[in-house]
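Common to both upcoming complexes is chain A, partnered first by chain B, then by chain C.
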Partner chain A sequence: MTNRHILTAILIAALIFLLAPIVVVMVASFNGGAVMSFPPAFLTTRWYHEIKPIFYQAIWVSLLVATGSATFSVLIGVPAALALCRGRFPGRDLLSSLCLSPLMVPTLVTGVALYQCSLVFWDFTGITIGGTLFGIILGHLTFGLPFVIRAVIAGHARFDRALEEAAQNLGASPLKTFRLITIPILRPSIASGAAFAFTMSFDDVPIALFMGGGDGATTLPVQIYTNVQYDLSGDVMAVASLVVVVSLVVITLLNRLAGSDLFFGAKQ
Partner chain B sequence: MSDVVLEKIEKTYGNVAAVRQVDIDIRPGEFVTLLGPSGCGKTTCLRMVAGFVAPTSGRILMGGHDVTMLPAHRRNAGMVFQSYALFPHQTVAENIAFGLKVRRVGRHERDQRTAEALRLVRLEQFADRYPSQLSGGQKQRVALARAVVIRPDVLLLDEPLGALDLKLREELQAEIKRVQATLNMTTLFVTHDQGEALSMSDRIAVMRDGAIVQVASPNTLYERPNSSFVANFIGKTNLIEVQVVAKASAASYTVKADHEGGAVLEATGCYDGDFAVGERCLLATRPEHVRLGTHHANRIGGSVSNLNYLGNLWQVEVEDKHGVPLYAFVYPGENIPTRGEVVQMSWEPARCFLLKSER
Partner chain C sequence: MAAGKVGRGDMWFWALLPSLATLFIVFGLPIVDLIYTSLHGMAGPAQITDRFTLENYSDFFNDTFMLNILGRTVWLGFVVVCCCLLVAYPVAYLLARTSAKWRDLALFLITASLLVSSVVRNLGWFPILGESGLVNWLLTSIGIIHTPIRMVGNFTGVVIGLVHAQLPIMILTLTTVIQRIEPELEEAARNLGAAPLEAFWRVMLPLSLPGIVSGSLLVFTLSISAFTTPAILGGNSVLIMAIYVAQQFRTVLDYPAGASAAILLLVTAAILTLTAMRIRARGSEHQ
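Take a look at the complex of A and B:
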């Protein structure tokens, strides 16, 4: 066996490892027999008709939350990253590592902590954050922001400041320079940070569990989690399969639009 | 075209003076070079004209207007950077049109002037390429087109050839000079390469430690440097430590070498003030004026310590026991000495001059 064969074997094994669970879920969603039987007794599309309205509601909530947390991560993260890259102030390195540190704390811990904070905040102000969409978005910023900041700092390392000087030299005001030069050049980094923030938010259970809840603020992962605890019916598999298909479509579209480097770092 | 004036420009960082008392007056259409070793303040001067660095004191005038306090984007200066600084997300044409776009020049005129600039640097067929698809030389030509298309009051060149190899550098030198002359562009050029400075400039300002040492035409600078620093920085110069023994006139001296067997030499000309009898100073002469043999009045002996073949000539290094090495050029067809050979060097008194010793 040559090296090439070994590599191919490893690649196939990795693909099976990654894809097998997804395939099992998708097959199970068409299973007419008992939910966890494999291979399926007979095929049916019944589960897709029987998806409960709360799941559609939850998908909507998840999309809103993921979009919101990705957006706020970019709006706050990009200026923050630029300040961390360019600013000359005491404690810059400390602040830089502080900004990335939430990634090292288990999200469950963050979730509990945020829940406590929201209670304290309610005590003092009477304003409810816990159990709202905004609460979940705020919670998801704890990992969304670090992802965007990290991506932009990495992209900025290859940024030639002379480009901004050239733009200003040619008559562009600092604001125009930022809009026409800085942002477009950093766009791949920003997009990849935002994509990660979105995905992580769409994926998250612990924080959404503590900060969300109730009718208007239950995300899809939380809804699925709640359901499989009590009742492992086929419609959960159908919902999961739908999400997989939609994700594939979205990722393919993003790759087309932003280039395949979106998830693998910025091109130069 | 406008003139650019730097008036008593100073720049200090903390206690360190990067630029001190710089006065330059660039006439309309003139090509002026700031030349000096790295860290001499030449780039800081250029960046102050561009508006990227604020002078600590002094004034900068463009076309008679005081622009000292104006931000970079409000000055009408076109700059070419050593790193090209082409916008990677824009095509060649978009790069060139950028300055016109932010100046709100109408679409029609913009396209026309962009095409004109592309033609000027002979890159018409590259209009739709991206910078990453160009060679270094092409990139710098795009950068040049981008800088001149806005019709700047002054063209600023920050070591634009520094990143290119020798052959390209010579091509680009000619290209820049041609574009500059065609547009009659007032130009300030920064380089540490004396060859570039000599071949491109109308005038050169030699800088050292933040101050201008001498401003003159390339020819004057080479023939009549006003200090041993300039003499050494521009081309190669033989500097011999001497003492004045007699003075016939303000430009005619008899001197005695400290080493070199105490040779008595004649010097006509000095561009660095007056010299008194008994004063220690330096006698300077260019290697191309020094011949092997005893043809001329000024003679010094020594042994050949090195032979350097440069293709079109040999550079012969001759050393006396105590003195510094002196250089003479030997041309093809002449007798080529061998290493260790004892030789005489001679040159005309009219081909050497006195300089103050470095203090």
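Take a look at the complex of A and C:
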């Protein structure tokens, strides 16, 4: 069984490699010496007290953007996915591919395209969209909406339509059937799509970098990205550690609630 | 019933309309605008001319500076794919073939690392790879090296960061594929006298090839389109397509040059993704 030992060793090495930067961020946030040196010279909690207000503001902006884009994606994405599964109109397959096509485009390309387009829009109307919170939310719809549509289409493939017929035979109105049967059955897929849209929004740099940047429109990843380039101090590590803790709590909760294929459902 | 279905079907189109309209505004129009810009000349910083031209594209392919950027980008994707495959295949094989209790934990940790913010993960490489970081400290303590090795702010740093970002995707893709291959096939090969390596080479590898190809295409596409990791760990010194595009729009303000490079990146990524999807679809038909 030496083969198996070699494989196990590779697995452990891969896990250490995958978890190393995440663990190191947390250890480094307590480093009293130079931030970039490791192992830490001595330990301190001072960085947590010295987190700059711009970071708290950036966390708030990120939460607003992620909630806003995920909510809007669910509100218009779920009806669209149902339409793509149940509608009988011409060109349905083509429309389906069109709805998912933004996922094939690198987000940097989408980001610069949106940025340029917002300048043209400003030229014509004088309305500023680039550099605003609203602009970032619009930008994040380019992946949030396709994620939700894809997740619901995948969930719908396992949907047993007989349940709806049964409800209608028992006298439920179409609206009541929709509310009491359709939506509850599709809820895990909707949750999975929304969770994925939220996570990706909270992760994105390119779109938020090009569409944001104005007053009160800098997301947390963009703020950290800017600080890494110009002023990397201990408080950045402290903020990053807070993000890790929150992500781990969220991931564990989602894993408990929906099992590990929550995100697979959205990714396939 | 049939007539009712058609009527309902028409109704469904209205449910699709808000999404279609939104995607047209936030995605369709901007991409069309980007294509438009890529087909016009530069009239000054952040300005384009009215004259239609293909020069941006022909300039791109006639300029060694640009071809170097393209070559560096492809090379980066290739190196990342190779590193990912070498590590991910054995890991995926073990995960697919074991029913041990720790399997779920391992899968959870792999997925979890994928979901922690990429900026944060990139940040974590600095204390590990920096000149006074963990790896250099270990190597100098043991006495293997005397002067620190540079591993961030260059090509090595970008490769490490991208392998870290893509490895979970490769592992999960390959695990799904290998799980579908029946273990009996491998056992049969062994019983017929094949050495373990031969059984792998002649049975496992051909059967998992569609998964390897589609996983590699996916990782390659994600690597050449990535911006965040190359920007942070490359420290703007690793000039690849995505960094070049961002520079044209943020600092150089040559929009047509940036737009044409962005469109080339878009077309490449779209073709590779479609190919990967086709290979995966054909693979699951056979199963």
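FYI, the second predicted complex is superposed on the first by the 243 of 268 C-alpha atoms of A that agree within 3 Å, B and C clash if a C-alpha of one lies under 4 Å from a C-alpha of the other, contacts with A are read in each partner's own complex, and residues count from 1 in each chain.
One rule holds for everything that comes next: a residue touches a chain if its C-beta (ideal position, glycine included) is under 8 Å from a C-beta of that chain, and two chains touch if they have at least 3 such contacts.
Please read these numbers as outputs of a predicted model, since none were measured by experiment.
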Touched partner set for A:A151, first chain B, second chain C, both or neither: neither
Which superposed partner A:I10 touches (first chain B, second chain C, both, neither): second
First (chain B), second (chain C), both or neither touched by A:A166: first
Partner chain(s) touched by A:F38 [first = chain B, second = chain C, both, neither]: second
Partner chain in contact with A:I136 - chain B first, chain C second, else both or neither: neither
Most chain A residues touched (candidates chain B, chain C): C
First (chain B), second (chain C), both or neither touched by A:A240: second
Contacts on chain A seen with chain B and repeated with chain C across the two complexes: none
Parts of chain A lying in touch with chain B, wherever the complex brings them together: 160, 162-163, 165-174, 176-177, 180-181, 184-185, 187, 268
Of all residues in chain B, those that touch chain A in their complex: 50-52, 71-74, 76-79, 81, 83, 85-89, 98-99, 102-103, 132, 146-147, 150, 156
Chain A - residues contacting chain C, complex: 3-4, 6-8, 10-11, 13-15, 17-25, 27-28, 31, 34-39, 76-77, 79-80, 82-84, 86-89, 95, 98-99, 101-102, 104-110, 112-117, 119-120, 138-139, 141-142, 145-146, 149, 199, 202-203, 205-206, 209-210, 220-221, 224-225, 228-229, 232, 236-237, 240, 243-244, 247-248, 251, 255, 260, 263-264
Touching residues on chain C, where the partner in the complex is chain A: 5-6, 8-10, 12-13, 15-16, 18-20, 22-23, 25-27, 29-31, 33-34, 37, 46, 87-88, 90-91, 93-95, 104, 106-113, 115-128, 130-134, 137, 164, 167-168, 171-172, 196, 225-228, 231-232, 235-236, 242, 245-246, 249, 255, 258-259, 262-263, 265-266, 269-270, 273-274
